[in-house]
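Quick heads-up: structures coming right below.
There are two complexes below, and they share subunit A, which is joined by subunit B in the first and by subunit C in the second.
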Partner chain A sequence: MPLIKIDDRELEVQAGDKLLAVALAAGLEIPHYCYHPALSVTGSCRMCLVEIEGMPRLQTSCSVPVSELPPEKKVDGKFDMVVHTQSEKVVAARKLVLEFLLLNHPLDCPVCDQAGECFLQDYSFQHGNAHSRFIEDKRVRANEDLGSGVVINHNRCIMCTRCVRFTREIAGTGELYVQNRGYNNKIAVFDSVPLDNPLAGNVADICPVGALLLKDYIHTTRFWHLSQTPSVCTECTAGCNITVDAANNKIHRIISRVNEQANGHFICDYGRYAHNKYVEATITSPLLKVEDSWKEVSWEEAYQVIKDQVVATGGGANLRALASPVYPNETNFLLANLVDTVVEKKSLALLPIQNGDDQTFPAGFRISGDKGGNRRGTEDMTRKLTVKPQTLFRGDVGVLLALDGDGRTAIDGDVEKLLKASPFTVILASNMNKFTERANLILPVAGPFQREGTITNDRGLVQWLEPALQLTGEAKPDWQVVAELGQLLTGQASLYTCAGDVTWKISQTIAAYSRITRFKLGKKGQFVQGIK
Partner chain B sequence: MSFSFTTDRKKRFKALLQSYPDKRSVALPALHLAQEQEGYLTRETIEALAHMLELAPADLMDTVSFYTMFRTRPTGKYLLQTCSTLACSLNGADQLTDHLQEKLHIKVGETTPDGKFTLLKVECLGSCGTAPVLRINDDYHEKLTLGKVDRILAKLK
Partner chain C sequence: MAVVVKTYEPKFWDRFYLPAILKGLAITLTRIFVRKDTILYPEHKHVPAPGYRGLHRLNKHADGRIKCVACEMCATACPSNCITIEPSAAPWDDGEERYPIKFEINLLRCIYCGFCELACPKDAIELTEVYDFANYTRDSLVIDMDGLLEVYEVTSQGSIYTRQNAGQPVKVAQQL
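Coming up: the complex of A and B.
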């Protein structure tokens, strides 16, 4: 393996790897724009220039592969490459590159949404000149709507072509191209055929400057007002990693978070805009249906009603339950436990959730057709107890305890029959939808982006769902409400003080999860046992 | 109007596909072939070619718009190209361009109403030693004076 030296760090690296990639992996910072780890290399922005001993000119580190030298040619008798990233030449070159990139740039940071997280700002500050020698008129172009909710501000574009390569290589749709050349070039779509693919929003994430903007986010807030929560998308079973950016308990945007063992670098637009689906009709208090309208009641009243109904319908033995693949493992585990303790026969099924075909893209990105984000985990938590929904409406049907499906419930014939057969239906939910409308009593619990706990994606990766929003009104954490219901119906005190306690209990109970604890999961998750 | 190659060009296109490592690499010669046939490249032509080469139309348009020798608008029977680069400029290319504009009553980029002449100003024509040059379709006319140009134009029917 070649031995290289970058400034004073010695690194043993794989021959053929690109210098910039190697440096970044070793935690060394070399400024760059056009290079992106998930895209092909173009070497066009010149920001990554470095000095390599023995090479006459500065080299673009993103495109230079590391190779092994024959023993007699090694530098200082041992190195295959000696690289300087801070030499006088490099420092001077960076200043010039930045001056070039900024020639036509409007320097409108005060009104630019990228300000605060912009590489043009950061590098100009760290490596650039405070002055430009360009006194001519700047080129000015109007913003354009590219489609799929993406707008381009041409004036800020530095022509790194990340966005173009993304549509060609990752989405495979190739809507974007570089029109014309030299001074006249710009990012464009072919003859007004818009950007149109379910991954389109990623171009705004990977644009290193404020050129590509999401309509949904433009001028809604400033970057430094956002609190960034690393979390996981639960809109399908792929379990992409996301960062949820919120301010004042409102989500402003969702961006992708890199996790090579889950989504890689990108997310889909369904996940990106998922928060917009859940803003309306948040349930903030227990709701009891009285003569076809909803009456707000207190938690005490709600629990009393449940207790009375259970007694009136033949006791806990007739209880029926629906676990839900949109809720974390902890909640489903506690629900399964409750059923296991109270009911003698198996009387739990999974709530049916919309399911369609997977969509797979050229470079491997996948959107699962299964919209029950935590299906695998829910199955793992309830395996011992689960039956087909059609067995649930046989015999004496008592109170039905159900977790909601966030509006993605597929109310099929079986669920319909179960709802009809049940004399009293209690649904734990956060938002009103077709399914919750059918309840007799709704208990307000954490909604999407408020939930906490573990979820398992369809490849068996267990990840920690970090809540980005606080609960509103009377709503309680979903796991806690199920724990309280357990207490109510079994008479046994709940042992849990937080979701992580339940995670620990799961690790003690279900073999495949024996190594999973909140803190071991970190930000990248862990595979269930038995899976590589 | 959909585009397809004439029988003869279809053969040439097939031969091109054979002589390049992948379809994408055939983009340039295929565009030349199509332009030779159609005179200029329409949206339909580009879409059809992109389909043949398994590229997104935008991807092919990237190439079309990069090279000034690809035309996306109809041109007159005679395409006049003056050079705007250094050697020609120093030797009177600007006067030549002005002269053509006045004589033909069109501006750079326009076509005469009778569809005979189109005037374009392009980057270096690669004939600096014989500046100023004027390219008319595929022919170079070198070491020009205004008088010479008039005589050449008079001969064009």
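Coming up: the complex of A and C.
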């Protein structure tokens, strides 16, 4: 393996790896714009120039592979490559490169949404000049709408072509290209072929400056007001890692978070704009249906009603339950436990969730058609008890306890019959939708982005779902409500004080989850037992 | 170290008190012939020195458009967190593409340090010399964007106090 020296650090690396990738992996900083670990290398920004001993000119470190030298040619007798990133020549070159990149840049940081997370700002401050010698008029172009909710500000663009490479290599649609050459070049779409693919929002994420912007986020807030929560998307079973940016208990945007085990570097637009679906019709207190209209009741009253109804419909033995694949493992585990304790025979089914076709992109990114984000986890939690929905509406049907499907419920014939057969339906939900309207009693629980717990994606990766928003009104965490219902119907005291307690209980009960606790999961998650 | 405490020992003439009284009267009498420092406040207003930091205003361009681009630098720099801004895409095609749809300053929280003025990249927010904007309720001392632009209208033609002392009415206190 080649031994290289970058400044003072000696690194033993794989031959053929690119110098910049090696340096970044070792925690060394080399400024760069066009290099992206998931995309091909172009070396167009010239920002990552370094001095390599034995090479006459400065080299772009993103495109230089590390290779092994024959023993007699090694530098200082042992190094295959000696690199300087802070030498006088490099520092001067960086200054010049930044001056070039900023020639036509409008420096409109006050109105730019990238300000605060902009690499042009950071590198200008660290490596650039305070002044430009360019006294001519700057090139000014109007903003253009590229389609799919993406706007381009040509003035801010530095032509790194990350977006062009993204549409060609990752999305495979290739809508973007570089139009014209030299002074006249710009990122453009072909006439009448707008940017149109379900990954289009990523081009705004990977843009190192404020050129590509999301219409959804533009001019809504400033970056430094946002609190960033590392979380997981539950819109489909792929379990992509996301960062939820919220301020004042309102989500402003969702961006991707790198996790090679799950989604890699990108997320799809369904997940990116998911928060917009859940802003309206939030349920803030328990709702009881009285003659076709909703009446707000307190939690005590709601629990009393449930108790009365259970007694009136033949006791706990007739209880029916629907677990939901959009809720975390903890909630479904507690619901399964409840059913196991109260009912003698199996009487739990999975709520049917909308299902479509899987989409796979050239570089391997996939969007699952199954919109029940925690399908696998829910199945794992309820395996012992699950029956097909059609067996639930046979015999004496008592109270139906159901978890909501966040508006993605597919109300098919079986569920329809079950809802009709059930004399009293209790649904745990956060937002009003077609399914919750069928309830007799709605209990407000944590909604999307408010939930806490573990979810398992379709490849068996268990990840911690971090709540990004606080609960609204009288809503309670979903696992807590199920635990309280268990207390109400079984008479046994609940042992759990937080979602992590339930995770621990799961690890004690279900063999495949035996190694999983909240703190072992970290930000990247862990595979369930038995999967390599 | 011992401290020597000086005590006052009245002299012979001091025991009469008359010289001191006459001395005081002399000072009082000379004041009759010197220019007065006091002013009759509500009728006559003090004109603050240049650079005085009082009520805020939001400046406008010559064409009447607001200069503010809602970058929230002032709100970020503000040590008392008294500025609330809500940005939005501007309705016009030319010029800045962002402007505020809500701009509120809580004048009771504000400590009049002038950091907002220093932070502003567009010279949009400024502190004027207006100091008499006391009011009866707390709500009325949260000034909104219309109010701040109104302050600009009132104060942009020079000090309101010099004009006011010439007999013009105070508009600022009324509109708050």
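Going forward, the second predicted complex is superposed on the first by the 532 of 532 C-alpha atoms of A that agree within 3 Å, B and C clash if a C-alpha of one lies under 4 Å from a C-alpha of the other, contacts with A are read in each partner's own complex, and residues count from 1 in each chain.
Keep this in mind: a contact is a pair of C-beta atoms (placed from the backbone, for glycine too) under 8 Å apart; a residue touches a chain by one contact, two chains touch by 3 or more.
Everything numeric in this text was worked out from a predicted model, so none of it was measured.
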In the superposed arrangement, does A:V140 touch subunit B (first), subunit C (second), both or neither?
-> neither
Which of the two partners, first being subunit B and second being subunit C, lies in contact with A:A130: first, second, both, or neither?
-> neither
Partner chain(s) touched by A:F190 [first = subunit B, second = subunit C, both, neither] = first
Counting residues of subunit A touched by each of subunit B and subunit C, the higher count belongs to B
Does subunit B (first) or subunit C (second) touch A:R168, or do both, or does neither?
-> first
Is A:Q179 contacted by the first partner subunit B, the second partner subunit C, both or neither?
-> first
Should A:L495 be classified as contacting the first partner (subunit B), the second (subunit C), both, or neither?
-> neither
Okay, in this complex, where on subunit A does subunit C touch?
-> 109-111, 115, 143, 218-222, 224-225
Sort out for me which residues of subunit A touch subunit B in the complex.
-> 164, 167-168, 173-181, 188-191, 193
What residues on subunit C touch subunit A, complex-wise?
-> 69-73, 76, 87-89, 96-98, 121-122
Write out the stretch or stretches of subunit B touching subunit A in their complex.
-> 43, 46, 55-59, 61-62, 65-66
